[in-house]
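Report on the structure given below.
All chains are identified by letter, namely A, B, C and D, in their written order; residue positions are counted from 1 within each chain.
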Amino acid sequence: MPRQALAFLVPARHPGDAAAVAALFDQGVIRPEEVVAILGKTEGNGCVNDFTRAYAVEALGHMLAARLGTDLATVLGRVAMVMSGGTEGGLSPHFLVLGVRPDGPPAPAPALALGVAFTPEFPPEALGRMAQVDATAAAVREAMSQAGIPDARDVHYVQVKCPLLTSERMAEARARGAACATDDTYASMGLSRGASALGVALALGEVPRAALDDGVVGRDWGLFSGRASCSAGVELTRNEVVVLGNSPDWGGALSIAHAVMRDAIDLPAVQRALSAAGLDAGAGQLPAEEAGRLVALLCKAEPSSSGLIRGRRHIMWDDSDINATRHARALVGGVVAAATGRTDLFVSGGAEHQGPDGGGPVAVIVRG
Amino acid sequence: MPRQALAFLVPARHPGDAAAVAALFDQGVIRPEEVVAILGKTEGNGCVNDFTRAYAVEALGHMLAARLGTDLATVLGRVAMVMSGGTEGGLSPHFLVLGVRPDGPPAPAPALALGVAFTPEFPPEALGRMAQVDATAAAVREAMSQAGIPDARDVHYVQVKCPLLTSERMAEARARGAACATDDTYASMGLSRGASALGVALALGEVPRAALDDGVVGRDWGLFSGRASCSAGVELTRNEVVVLGNSPDWGGALSIAHAVMRDAIDLPAVQRALSAAGLDAGAGQLPAEEAGRLVALLCKAEPSSSGLIRGRRHIMWDDSDINATRHARALVGGVVAAATGRTDLFVSGGAEHQGPDGGGPVAVIVRG
Amino acid sequence: MPRQALAFLVPARHPGDAAAVAALFDQGVIRPEEVVAILGKTEGNGCVNDFTRAYAVEALGHMLAARLGTDLATVLGRVAMVMSGGTEGGLSPHFLVLGVRPDGPPAPAPALALGVAFTPEFPPEALGRMAQVDATAAAVREAMSQAGIPDARDVHYVQVKCPLLTSERMAEARARGAACATDDTYASMGLSRGASALGVALALGEVPRAALDDGVVGRDWGLFSGRASCSAGVELTRNEVVVLGNSPDWGGALSIAHAVMRDAIDLPAVQRALSAAGLDAGAGQLPAEEAGRLVALLCKAEPSSSGLIRGRRHIMWDDSDINATRHARALVGGVVAAATGRTDLFVSGGAEHQGPDGGGPVAVIVRG
Amino acid sequence: MPRQALAFLVPARHPGDAAAVAALFDQGVIRPEEVVAILGKTEGNGCVNDFTRAYAVEALGHMLAARLGTDLATVLGRVAMVMSGGTEGGLSPHFLVLGVRPDGPPAPAPALALGVAFTPEFPPEALGRMAQVDATAAAVREAMSQAGIPDARDVHYVQVKCPLLTSERMAEARARGAACATDDTYASMGLSRGASALGVALALGEVPRAALDDGVVGRDWGLFSGRASCSAGVELTRNEVVVLGNSPDWGGALSIAHAVMRDAIDLPAVQRALSAAGLDAGAGQLPAEEAGRLVALLCKAEPSSSGLIRGRRHIMWDDSDINATRHARALVGGVVAAATGRTDLFVSGGAEHQGPDGGGPVAVIVRG
């Protein structure tokens, strides 16, 4: 019997609300020990002081620990928790639970496949540099192998959670005579996401190794992955990689597709991704029955560095009251909601080397 | 020769930037004395302390006064200045200059027609009540007559600028023994917009007179106009009404159409408005050449009072960092940008009785 | 041997940081079973979507549960957790742990005494009305009795945690034909705090029973307690009351005093409170050694409803980017930091009937 | 007859409110042609998109132009307009009008003296470097000479308005092969303020020339002026310098004094400045009659770069909802309001090399 990838999207009433995830276990549609990752959109600001992410991780972790009869640390070592803060505009807070069942039903066509892998621990000076790029590429290849996806063209979404530099970590490096890529904590988040995305691009053949060196990270936006989605977190010191693709070796009714938005209002790209996944997006917005087959839409949002969208000025970078990434998520959230007729969509900020400048990848998981 | 309605949309580099409007005069496409209204999206917060609106009015007013050889007060008494604050998400700050030329070219089909009218001055206790509803309805009828639009079905957009209650005005009413509809300045803005919108609905036959009384204003959201767009300003004590429609008596290549969004993500309604105006919206997003024919898109945005969009929770009302109307403009801005491929769109907040709860009117002006 | 009140203030590195409180147990200065309340300043916005409060309660609760060998619910039923969000300006996030030791050292003078009591559960329609006022007054009297403080003049601070109305609770009341004091969830927080504060005022003899009726709650700001500090939380349906005062029956080196700030910049009142507690505030700011004897300063902050401070306009009510209570905490935080030379001070917003309009109570706990 | 420095502080009802300044002319207390500078606190966010500053300049400029029978450009070339955005906490929006009367009354003691000077125009590559430092020092010396203040110890406040780098200016420099100090527009504001402050420090002998080079600007916070207050504006390409001090050659009843706050809560320093100016600050807060003699208090506010105030964590740098400088102004505003009992105080952010890290200069102008 083939393996089966499981994916359930449930609403969150607040960031500490583990009830809907627990209900999946109570309903028997997935078992706690099958869970390999939980992605979440929480209603914080998605920036430095967004504690809704940690709160969600703690609440989900305690719930899972109780269900598994283990402790919080064990759960967090085993289940990748990727919380993305910020549900601006109309976005609806939710959790996406991903699991693997060892003995699924056979499928007539390639089905959603899933692999998880980790890089080794990074010393602080590796972040935002080729060391992180190469290690991430290796982890992506390992996760592909684990998922049984030999061909990179069958990979449609790679979620990476990566470390950042803290003052303590930078001091530790300095004490050893090592120089970090930046001395700015906030900037290190972007560099770590960027190097991770370039690692994905390298593994998937989107960018050749020869085009990469330390100097391009965070600078040459022409180099990017159309399938990477990276987020940085203070709680880890290695990269966690979740690869999603399609494989004939997996069973069940789910499958995945993707496209690349060239800018923040690229509705046609969203429609291409929906169509590629088998949904009828012809008329502009998915009809309700098609929207119901959509399990999850995952995409990145980032203001264009030019300050323009198709030649017209946006004010995202100049607004000192609302962070630019919050504007970007609200905008892209409107575009993908227009396409799908739904608002419980995973729109995540911080898209360095994840799609072209001002654009980004969009992936969709559908039920057949 | 028929009259001709003129409409030019120009970008604003900042709220005090009158240069692009002045350039229209320098280029000779419109003359200062032809201008009857300027609508603007300025990059403030769109809420109480948004001074970008007054700054834009002052800058445009001084420029027009110099061009017309008159003073600021005369300009403001003659040109309706409707500034809408808030360019959240990807919205691009801009001004829309509306004018009337007495001797335009003939048109083969009904063309954009435009009428302006004013209510009498309101005492404070009239605001948010039937007195304001009825006076607004009368002004709409007068503006229609002035525009030569006998049939209400040919009216597609009615812009109303209306007063609000200040502490001073409320005190003056109290001193006379009169009771105002509210003692909350901020709430008075919504009531004034709401009563004005119901006045439009009454004039256009969207709501029967018998369904209206003081008690429904700001309460019965089932009563609304699908063509009203109202904004409240502290600087006036009467309603200013601009009616836009199509008329066989007018010339030129512009025309207007509208539709009603039933909620904030109603892309199909936006597409219906675009199609009704003769643009090819079939494929989801306007092709670039069609987008170039779009002169202006004007719509309203407001969070649904239920806290839900198609059954899914939104966080707009609960966010104490970003005002709910800012979230709503960003969201709807994403939806209309998805439809048009443009971001210089007039998305305005505060939609009481202007479209259904959580939705709103969308109007488009196109070049034939 | 007399009872002894314990009070320890520790810093919080983030809202979920229970480590410094746990360290108190490890150091043996207080035992988990001695803890009766934890007050905290967390770094959220202090408004509707401030999840830092719930996160702190969850983190502290899990830690205490592990230390006490019990579960979260038992801990929360036994220890009053009062989290106040918002550390604007220079305020420093911290927790204040309050405990009772049954067998403390004797004291030469009246020492800090502490009593905890609860009202019965409130039906929704009781909130913000005399039923809540009277029940709170009874709970204050019970807590005084428990603390062995017969004379209300020896009470210097009363912390109340009170319920609020949710949509569900209002619907339940309506279904029974009962009318609540408001149909606005946010407004219910102020009414519940206000009625609770008037209950404290009644119990302490600050306001006569005859001056009180349902109509004064949230309206007549001339009625207030100079010693109440109230906060509303969604998680409870009764009032929790913690009374702090001085009593000759208690031992240890701590004592408490208070004063009432007549407006937000009333430095002399803060100095009077410090002096009354035995600190030398003569020179303007406490010298470092005196500041070291200060265990905790607790006060309320609220913008004056007039929009003025000593006749000069403040912009707190008109700022749509920063909530008025955030401005007020930052301002009062500056004033009390000026007086004490410290920033780890408990400045809490929402001061309805807690001190005069625009002012509020200030209490200080000192080590002898 | 001696020259006389004039200083009047008037409230602003909104950023475009020139009425109270105009009323000074109507009352005859100062003549339009005597005005040399207007400093203002406007109620914007004080950051990038704070248009309240430009709005105030435009409104005051148009009013002055009408009074002087000239045009806006002439007024702006003649009167230094220094608008500081941000009235967080309890700060009250106001304008401070400074003027010079050629024939004032004699004074028994040294009186407030005032000089204005300008640097030459700066090429973009000079900003934030020694070229700007040296030119500013020369302008300070010239303004001192003009004011008749030979001894730097008699200078108590130097207001500098300085340019910033825009994308256009940077491109112009690049085209000539010149490299600017930064390629970040926002960062250029801090560098320009910092170099200007070091120029003041150099002129006043606070820092020796030998300690200065390009590398210390924006880096070595141990170098600073205790009397400089600098703000950057996009509208100028040279530095404008206003020197305030005391001189026996000037008449009238005004005088000035200053002190340096070592951190944001340094109440004793504020009290020293007040005392040095002859006000009785002994009891903690100025009595009302003494507060009435205070014409203006001007100070700088900035979060400490360490993230600590006297060893306790502040959250200013980590708050992605409220800019750090907004927190700092609110905090310092509370401290100086505590000292003076007033809220119409000029607390300005961005204190690079203006006072020690986290602290800043505080100057007071009093009526004798």
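The working rule: a contact is a pair of C-beta atoms (placed from the backbone, for glycine too) under 8 Å apart; a residue touches a chain by one contact, two chains touch by 3 or more.
These numbers come from a predicted model, not from an experiment.
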Smallest number of contact steps required from chain B to reach chain D: 1
Distance-maximising chain from chain C - centres being C-alpha averages: B
Rotation, 0 to 180 degrees and nearest 5, that superposes chain A on copy chain D via CA atoms: 180
Where chain B and chain C are represented by their mean Cα positions, the distance between them in whole Å: 47
Length of the line joining the C-alpha centres of chain A and chain B, rounded to whole Å: 40
Where chain A touches two or more other chains, by residue: 43, 45, 49, 315, 318-319, 321
Residue ranges of chain B in contact with chain C within the complex: 45, 47-50, 315, 318-321, 323
Complex contacts: residues of chain C adjacent to chain D: 11, 13, 43, 45, 87-93, 264-265, 267-268, 271, 281, 283-285, 309-310, 312-316, 318-319, 321-322, 326-328, 330-335, 337-339, 341-344
Complex interface listing, chain C residues touching chain A: 14-16, 43-44, 49, 51-52, 54-55, 58-59, 62, 321
